[in-house]
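Here subunit A shows up in two complexes: once beside subunit B, once beside subunit C.
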Partner chain A sequence: MMAGHARVTLECPEHLRWVQDATCVWVVDARSGAAHCLSGTDAAVWGWMTMAYPYDRLVELTGLLLNLPPAEAEQHLAALLQAWIAAGLLEIRAGAL
Partner chain B sequence: MQTAIGDHAQTFITLDTFEARLDALDRSGIDEIRLIGGEPTLHPQFPALIERARRRGKHLVVFTHGLISERALAVLEAIPVDACTILVNTNASRHIDGPTPDEQARRRAVLLRLGARALPGFTIDTPGAALDFLLSLALETGCQPKIRLGLAQPILSGRNRYLHPKQYPLVGQPIARFAQAAAQYGITVELDCGFVRCMFSETELEMLHAAGVETAWRCSPILDVGIDGTIMHCFSLGSRVVLRPTDSATATDLRAALADQVRPYRAAGIYKACSSCSFKLTGACTGGCLSATLQRFRASPAPRLVVPEEVLGI
Partner chain C sequence: MDDIFAIPIDDKYLLYAPLHHLTALVNRPALAQLEASLQADAPAHPALQPLVDRLRAPGEPVPMARTGPLTDPLFLGIIPTRGCNMACRYCDFAAPKQSSPVMSLDLARDAVDAYFDLLAAAGQTRGEVHFFGGEPFCAETAVHFVVEYAAHRAAEHGIAMRFEATSNGLYPAARGQWIADHFDTLVLSLDGPAEIQNAHRPTPNGHDSFEIVARSAAIFSDAPIELVIRACITQETVGRMPEIAAWITHEFLPGSVCFETLTLSPLAEQHEMLPPDPWEFALNFDRAAQILGAHGIETVHSTASTRDCRATFCPVGRDALIVSPDGWVDACYLLHEDWERSGLNLRIGRLDSGRFAIHTDALQDVRALTVHARPLCADCFCRYHCAGGCHVNHDTRGRPGEYDALCVQTRLITLAGLLREIGQGELAAAWLEDRAACAVSAGQPSDRLSRIEAV
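Moving on, here comes the complex of A and B:
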């Protein structure tokens, strides 16, 4: 794991609204009107993030959920976070708040 | 399209602005004007408004609490029966505990005077709502042989008493039984917007259809026009989903624009199961009132995570 390195904070933009449905999490961008449906692992990660779980815990849970070793779980999580940043679901705040 | 001619702050539409609203209806080819409030009959120039709408040949629909002044009542009585519908909300009250005997007596007297111009309505805001009095009210006053039932919906930007969607199944059976009883007297029940398919069992649905109730599980832009000309999706969504008026837009244009504004939220419904429900996926049910759906959407707790920079390739 990469604990101990410089850190940044990822947060959900203020104009996003979300709701937990039976089979997915809907995330709506009130500015652009885009709606995102997060299901499976994506929905689980979103839920863990709303519960403010720490990064190491997310890596551990992702590994358990997908039956992946820690390094692969971390890669999977990193790819997911980068995709969410690209889609506007998360934004980078400077430094660990 | 519904036009506010007064509001709760006792601000009233001017005659010139009312004429502009009539122009907008003409432009859209709509031959009906719906007057909402506050309480529309409280408008100081209510007779003049009615006269102007009648002069344009509009069918009038007036949404009222039914506790109408003699002056306004005389104006409504003078309208031919086939030229108006006076929708009387029978459980509106100035009191938090509901209508007093005096209020109900006045409302009954008003319905008697309006006769077939009137259509009684009732907004269900509690699972234990008693509906049976509506039958005697309709039978004894000679109003239209219809009763309009609504579900009290949450006002998105305010606080009001409403029926929570979790309570919907509790009112499904009483509504079906009421519709069945009403049908025996030749009275048809009409369901307002926001009802959902799953609040009725198959048996209850059969009872509704046998009683002649048209079931459409819908929620769509009603086009409420405020006194300032702001065009709202509906009363429940209030100022949260609005358009500014233009001189050229038709009702069809406005509905489409408002539908676009709320489209992303339509993926969900009032229940967690709505977005994967076959009735919603096939368009048979919209998933209930959008205001109730929007109440489910949240900004907090916002997802938040502190990550090593390397994870993001920074």
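Moving on, here comes the complex of A and C:
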């Protein structure tokens, strides 16, 4: 799973596993056993990232999902990605966020 | 007496009252006594009295057209594109494969919003989104967005959602896995083992499709998604239906297998492909059903399901709201040109500023397209199951009892299924082997007990 634009390429660490459950996406760290349950917007964005959509498309989809103008959608998405990086769900492969 | 039917099976009769949920095999004298007793409201022979009592009791209501305001749509249909990435040799879809428009994401969002507004206003707690094409996953962003957005809106409203799609399975494994993770039901077109699939359903550049589609079927088999394999049967493959069934049981884990016969089209004729003989289709359907049934897999022919009683065969008339890439809201997923050729208008409205603008008169006209308006079906015992079949492709304006090939195969498969339901499997198999006996059963002009000449 990767998402990138001019500045950065993100990918999911190899030790993470995820599964779509009925109400959420479970993301599990196979090394530590830590589990994250993503629901709502988070689950939608995660799902789109698994389909390798480029960053601009993710902004557009997030904007449509939350009924936000592009600038606010980008802010929302960037905050979400930062949170996932901080939680170890994503890592920066190239560039800087 | 109105909806009690009797169909000859060799020297016996199958008594069938769908609204009373009653099926029985009787001989001719018993049938005559039953008819006389019901007609005269008189007691019957003690052995027959339980049947008479049951038939005199009120049955379930006659299936009728929907009425009233639009508050309970059957589902939201989304046609992301009419385009397709295959070049099936019998394709009867006249839309351009490569240049068909794709639904915009704004329109897709409007459709979902309009649907949830309607469900919420009516207090509904369940919703369904069905995707049709072309091949819906050729416009995958629209599908990805609709699924996530509908799930998001459903969570807001506390509505339980189902997602279903009809697909050709020709895509990368990652897309197949996403479908397996997010959909409840997938109807997958797969006509059989490699040589059949590749001959029927090649890619536009003439390459084989089998390996990729079989890989998709394997992905769906390993997932909790309900997989329905839909196989198109031709005159050439009808004798191989049992073999196709056995192959499916070895390779995949579908919940059901749907065998449908080829619909004649200019393309099919160009490739010299013909529908099967209806008797051969029914005979081999029954054989295939036994093989699949032994593995817990249901075998389906769309017009021959006796699971429930209905007034219309398909979503038409049941308030399905099917949104096309240009924003029209239709009752049917087939092409507008095809309805017009059949003298029908199945357009019921348009998406307008995020709401459904439904034309009440058009909705009522579509709702009125029930079996009660199909003369051919007036006296057929299948009338509340088949309900006349496809409104667009099956002409039922003929006189009652003038059955065509589609009617014959439906009648034979339904009869065999009813016989098996009452433990008469051996009789069903032997009767189906006898083409002349089947012709008598399928050709009876009126099945209504009150009009059976033998009685």
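The rule is simple: the second predicted complex is superposed on the first by the 88 of 97 C-alpha atoms of A that agree within 3 Å, B and C clash if a C-alpha of one lies under 4 Å from a C-alpha of the other, contacts with A are read in each partner's own complex, and residues count from 1 in each chain.
Rule of thumb we're sticking to: contacts are C-beta pairs under 8 Å (C-beta built on N, C-alpha and C of every residue); 3 or more make two chains touch, one makes a residue touch a chain.
Please read all numbers here as calculations on a predicted model, not as lab measurements.
**Q** Just from the overlay, do subunit B and subunit C fit on subunit A, or is there a clash?
**A** Fit - subunit B and subunit C, as placed by superposing on subunit A, sit side by side.
**Q** Does the superposition put A:V28 against subunit B (first), subunit C (second), both, or neither?
**A** First partner only, subunit B.
**Q** When the two structures are overlaid on chain A, which partner does A:A44 contact: first (subunit B), second (subunit C), both, or neither?
**A** second
**Q** May I ask you to decide whether A:R57 touches subunit B, subunit C, both, or neither, giving the answer as first, second, both or neither?
**A** A:R57 sits against subunit C, while subunit B stays out of touch.
**Q** Check whether A:Q20 is in contact with subunit B, with subunit C, with both or with neither, and answer first, second, both or neither.
**A** both
**Q** Where does A:L65 make contact in the superposed view: on subunit B (first), on subunit C (second), on both, or on neither?
**A** second
**Q** What's your read, subunit B or subunit C touching more residues of subunit A?
**A** Ranking subunit B and subunit C by residues of subunit A touched puts B first.
**Q** Examine A:V8 and indicate which partner it touches, taking first as subunit B and second as subunit C; both and neither are also allowed.
**A** first
**Q** Once both structures are overlaid on their shared chain, how near does any Cα of subunit B get to a Cα of subunit C? Whole angstrom is fine.
**A** The answer for the closest subunit B-subunit C C-alpha pair is 5 Å.
**Q** Where on subunit A do the contacts with subunit B and the contacts with subunit C coincide?
**A** 19-20, 50-52
**Q** Okay, in this complex, where on subunit A does subunit B touch?
**A** Residue list for subunit A touching subunit B: 2-3, 5-12, 14, 16-24, 26, 28-29, 33-35, 37, 46, 49-52, 54-55, 58, 74, 77-78, 81-82, 85, 90, 92, 96-97.
**Q** So in the complex, which bits of subunit B are touching subunit A?
**A** That would be residues 260-261, 263-265, 267-268, 272-276, 296-299, 301-314 of subunit B.
**Q** Please give the residue numbers of subunit C that touch subunit A in the complex, ascending.
**A** Within the complex, subunit C touches subunit A at residues 105-106, 109, 140-141, 144-145, 148-149, 151-152, 155, 174-175, 178, 181-182.
**Q** In their complex, what parts of subunit A are in touch with subunit C?
**A** Listed in rising order, the residues of subunit A that touch subunit C are 19-20, 39-41, 43-44, 47-48, 50-53, 57, 60-61, 64-65.
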